[in-house]
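Both complexes shown next keep chain A, but they swap its partner, so chain B is in the first and chain C is in the second.
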Partner chain A sequence: MDFLLNPYYLQIIMFIIINAILGISIYLTMATGQLSLGNAGFMSIGAYVSALLTLKAGVPLYVAVPVGGAAACLMAAVIGIPTTRLRGIYLAIATLGFGEVVRVVILNLTITNGALGLSGIPSMSVMLSKVFTAMGLAAGIGGMSVRQLGNISVIFILAIILGFLVFFALRLSTSRLGRAFAAIKADEHAAEVSGIDTRYYKLLAFFMGAFVAGIAGGLAAHITFYIGPKDFAYHRAVEILLFAVLGGSDVVWGPLLGSLILTLLPEVLRFATEYREMIYGGILVIMMAFRPQGLISEDTLGFWQKKLMSKSEASTQGEISRRTTR
Partner chain B sequence: MVRISKNMRKNWVVCSLIVVMMIILGGCGSSEKPANQGGTSAGGTAKLGVVSYLTGAGAAYGESIRHGLELSRDEINSKGKVKLELIFEDSKGEKNEAINAVNKLIHKDDVLSILGPTLSGEMFAVGPIVNQEGVPIMGTSLTVEGITEIGDYVFRNSLPEFAAIPQSIKKAKEKFNLKKVAVMYSDNNDLGVSGFKIFQKSLKEQGIEIIAIETFADKNTDFSAQLTKIATLNPDAVVVAGLYQEGALILKKAREIGITVPIIGNNGFNSPQLIKSAGSAADGAIVASPWYPGKDDVKVKEFIAAYKAKYNKEPDQFAAQAYDALQIMAIAIEKSGSTTDRKKLRDTLATIKDYSGVTGKFSFDEKRNPAMDVTVLVVKDGQFTELK
Partner chain C sequence: MFWQQMVNGITLGSTYALIALGYTLIFGVLNIVNMAHGEIFMFGAFVGLILATKFNIGIFGALLGAMVAGAVLGYLMERLALRPLRRRKVSELAPLISTIGVSIFLESLALRLFGPQAQSFPGVYSTQLFEIGGLKISAVQILILAISFGLMLVLRFWLSKTQLGKSIRATAENIETANLLGVDTQKIIVLTVMLASALGGGAGVLVGLAFNAIEPTMGITMGFKGLAVLILGGLGNITGAMVGGLLLGVAEVFSVAYGVSSYRDAVAFGLIIVLLFLRPQGLFGSQEQQGGR
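After this line comes the complex of A and B, so read on.
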């Protein structure tokens, strides 16, 4: 139990969940085959808007974070509407440029404190600890200190948000909307000919991705006390893209696995000291060489489903048929 | 479908095999290092954590800091009053990595205190966490404002810019009778921006007029536009806030287009690398620093000799400050008489006074910032010399 409650591990779990949310944001835009590198930019808008709202205006967190997401969405409209005509690499470059523009703007505004960044952002776990103390739990419960309790509740809240987003993404893939996305991804011209308003759906996917990235940014700001323009430089954009590339972007589990691996790997490799970065890079190259489609694709899911089914032959015939029709 | 699955399975196996092998290889690479005992340290060895920028663009800073600390540790251990063990963690200059590093040091390695991190942005992120846990942390390279305001457990032994810059402006004014200056600063670097703000303030206090403000960005290589403009205005001096990489290029270009007036820099100029890359153009560059390698002091001379013998390199201010930081830490640990009591260490650290180290006489003020003498240096014939 002590092992699980170690704040070091709790903090890593928080980072994993934040990155998983970012993974979902890139998955949503990639669901229509759009390659967007602007998610770090949207993340920074969400982070700065919600941090400024709580720091300067005293807005409660549960309002500030969604407002941050909405602001990211608004910016997505500014950049998205003129760029949905772009495809593939061209869109990637336009959105990458957009991310850099956002960063430079943040760097030069006085309200964002320029290159110095915003420090002293109210932290979620500290806030929750205070609430628990006010509730008369200052001594903690069941051997847990208030601080651990605060951390665990943060993880709990983050997990709920992530769970909801995963549920949303799963439901989406079997909905009319999701099928339209899939059609656009498979062949945009064919989709258009079949009567799908590709522009509308692509924009929608772009907005959804931006909103989720903005939420992730807001949450990240309130976990780490400090944000600076450096945190959202282009390497962040590439990192987010890597979640989807490494994990696979066909199904929502891909970016989730990607974010899990890519967040855990640097920590697991801490023992290797100077060799850490080398091993990290090496693993990425090898994974890409052997699994260019990402670790999880639809085939992988089908493969494991089949395997599991053959093992559980005892289960009723009805359930199997339901699974296979899926 | 079956064939695809088979292929896929093979790929998975190959993939995971290689990953496992690489991790094992990495493990072998690091196994030569002494293993951690874990838990609280026994036998009077104090475990200290170090978070530093060891890989990435700023790895040169991290390396100097690491060398300074290691040299300091070996000296302290050979004296035998206290035994220190250092655990180094890389932050890559990223705040999330730094947060993970301090959490690991506190909760897994159970360190007594922490030295670092290298960048102020990292400290703003880790400071509140470390302070909350009641672990003393000392920055050895942080010069911006607002660091020790994070909390009672946050210290620094590096002289903040707001203490150094006014000195260099004052001295330069006396010496060169400055009336009007041009200012340049890096606007995408926290050191550049905070340096600029302090320059602006102290220039105003000294009644010196700012006739031009020009900005540049880190990694810029062409400064001719800004400097040509400045050259036409004929300032008495050019003030630059940035890092040495850009500083050296600015010096070169300025001398090339005929700006011969002194160029006053912030802490970023305080590096032997500045002279190395700018060459003879560095002459006339002015910076205020507690670290002065040419100082006529036995301690400084011994330090430089030992450092050169060990690493075959001139120490810079980061190495010197890191060296002193660990010495100060060791004194505090010795005085507090405990290698596990963090609260006691914090209280003892706060009372450190009149320690004389390689960066001069040192005391902590009531806000846990260093109170130390500053030497204003000017580059003359490729050497930092005291501006008198």
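After this line comes the complex of A and C, so read on.
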């Protein structure tokens, strides 16, 4: 039990969930065929706003994190209204530039503590442990200490948020909105001609991506106690992009798988830590050359569904035939 | 003071223009934004540095070596990361993502090969100062201005007058038609990528001289500036890249001189965001170019 509840493993699980949320954020923008490299920037806004609110103003966490997301969303409006007029490469560069501007601004403001970053951000698990102590569970329950209990409940809360987002994304893809997104992704002109307000839907997708990235930033800040401008630089933007490129951006499971693999990979391949960026770079090139749609695409899902169906059919048939022969 | 800053700005801007030319050449021919250009530039700077310090060959030898190194890297990138994508139909974003991969690969390779600390060229050229009509201009600045403007002029002449230059322009205009008219477009593409990367490698040495600091992360910072210039001047536009580079250099130097020095790196993208509001096709881009709708 203690082995499984090792704080290190618990921390990794938390990071996997945070990265999965980031994967969903890039999936939402990519659902309309827009490549936004600004999600690291939106994440940093969410992280800084919510961390400053809890750290300096004493705002409770459950208010601070959504406010961080809203701030990212607001920023997305400022940057998004001019940039969603742009397509493809222009949008990618403009959003990359936006991330860079955010980083430089954070580096220079006094309230964000410049290059040193913010430290001592109230940690979610510590907060929850305190709550548990106040509830009279100072000794812990079921062999778990209060600290472990705090960590477990953080994971629980994160998992609920992730589950909700996945549910939302799945519902989205079968809704009117999702079909409009898919139409824009397939062919923007055709979508416009058939009466879809492409500008509105692209902006909406951009906002949703920014909001989710902001939430992920706020949550990440309250898990790690420290954030600095370096955490949200170019490499972060590339890493978030990798989730979608490796896993695939057609279906929501793609970025989820991508974030799971890419968060576990450096932990499993400890010896390869120094080569991590090189491996990432190689993955990007190889994926683009051999499987640009990512590991999971709609075809993959269909294939496995069919296979599993036929397998279960075959096994039931086998069962029947065995019974009859007996 | 004003003119002094102007000279500094133009010197800096001429190196930006050289970097942006590399982006623009590749975009013109391949319709690809080469995100790895900044890293090729950084490798050029390091190769130049090693040649100048370890092998003691002069600054021109270093420049030449850097350009050759850039061209070799460009060739490898074309073979490994761009050509496989051309074989089948992929979205226009695929090459962008692929070159992002090359960029982070090269950056971390440089970190391993050269170490994270900033290194500098031997200070032979930075000590001499000339005074022309009250303006102080250092030997390094003169060197940078001469080399970058020289390279730009040669490039312009070469593109407009020679057979190969004409083939490049024809390929940029329309790759299928050029192919039908007997241009070996495959060869032209390789040549363009190598030429652009060689310019990037050369710019690396010049920027190394100008800032007197070379480090593996400089590829990202300078690459971003080249990108800013690319958008500023209009994608695939050679005049735009030259003028846009000078403009960015001047804007940056003035922003440092008049107050907001720590925001220097944000100036480039501030300019872009303003420009995207007003003129999405870039300063010199024509109306029908893609981008804005």
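We take it that the second predicted complex is superposed on the first by the 292 of 326 C-alpha atoms of A that agree within 3 Å, B and C clash if a C-alpha of one lies under 4 Å from a C-alpha of the other, contacts with A are read in each partner's own complex, and residues count from 1 in each chain.
Everything that follows uses one rule, which is that a contact is a pair of C-beta atoms (placed from the backbone, for glycine too) under 8 Å apart; a residue touches a chain by one contact, two chains touch by 3 or more.
Predicted model only: the values in this text are computed from it and were never measured.
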*For A:79, decide between first (touching chain B), second (touching chain C), both and neither.*
second
_Quick one: is A:107 in contact with chain B, with chain C, with both, or with neither? Answer first, second, both or neither._
both
*Would you sort A:15 into first (chain B), second (chain C), both or neither based on which partner it touches?*
first
*Touching partner for A:277 - first (chain B), second (chain C), both, neither*: both
*Thinking of the overlay built on chain A, is A:288 touched by chain B (first), by chain C (second), by both, or by neither?*
second
*Could you say whether A:224 touches chain B, chain C, both of them, or neither, answering first, second, both or neither?*
first
*Partner chain(s) touched by A:50 [first = chain B, second = chain C, both, neither]*: neither
*Could you tell me if A:96 is touching chain B, chain C, both of them or neither one (first, second, both, neither)?*
second
*With the two structures laid over each other on chain A, which partner does A:249 touch: chain B (first), chain C (second), both, or neither?*
neither
_Quick check on the output: what are the common chain A residues between the chain B footprint and the chain C footprint?_
104, 107-108, 274-277, 282-283, 287, 290
*What residues of chain C sit close enough to touch chain A in their complex?*
33, 80-81, 84-85, 90-98, 100-109, 111-112, 220, 224, 227-228, 230-231, 235, 262-263, 265-266, 268-270, 272-273, 276-277, 280, 290-293
*Write out the stretch or stretches of chain A touching chain B in their complex.*
6-8, 11-12, 15, 104, 107-108, 114-117, 119-120, 123, 126, 147, 224-226, 228-231, 266-277, 279, 282-283, 286-287, 290-291, 299-300, 302-303, 306
*In the complex of these two chains, what residues of chain B are touching chain A?*
1, 4-5, 8-9, 11-12, 14-15, 18-19, 22-23, 25-27, 29-30, 33, 54-55, 88-90, 92, 94-97, 99-100, 103-104, 106-108, 121, 124-125, 127-129, 132-133, 144, 146, 150, 187-190, 192-194
_chain A residues touching chain C - in the complex, by the definition given at the top_ = 35, 79, 82-83, 85-90, 92-94, 96-98, 100-101, 104-105, 107-108, 234-235, 238, 241, 245, 274-278, 280-285, 287-290, 292
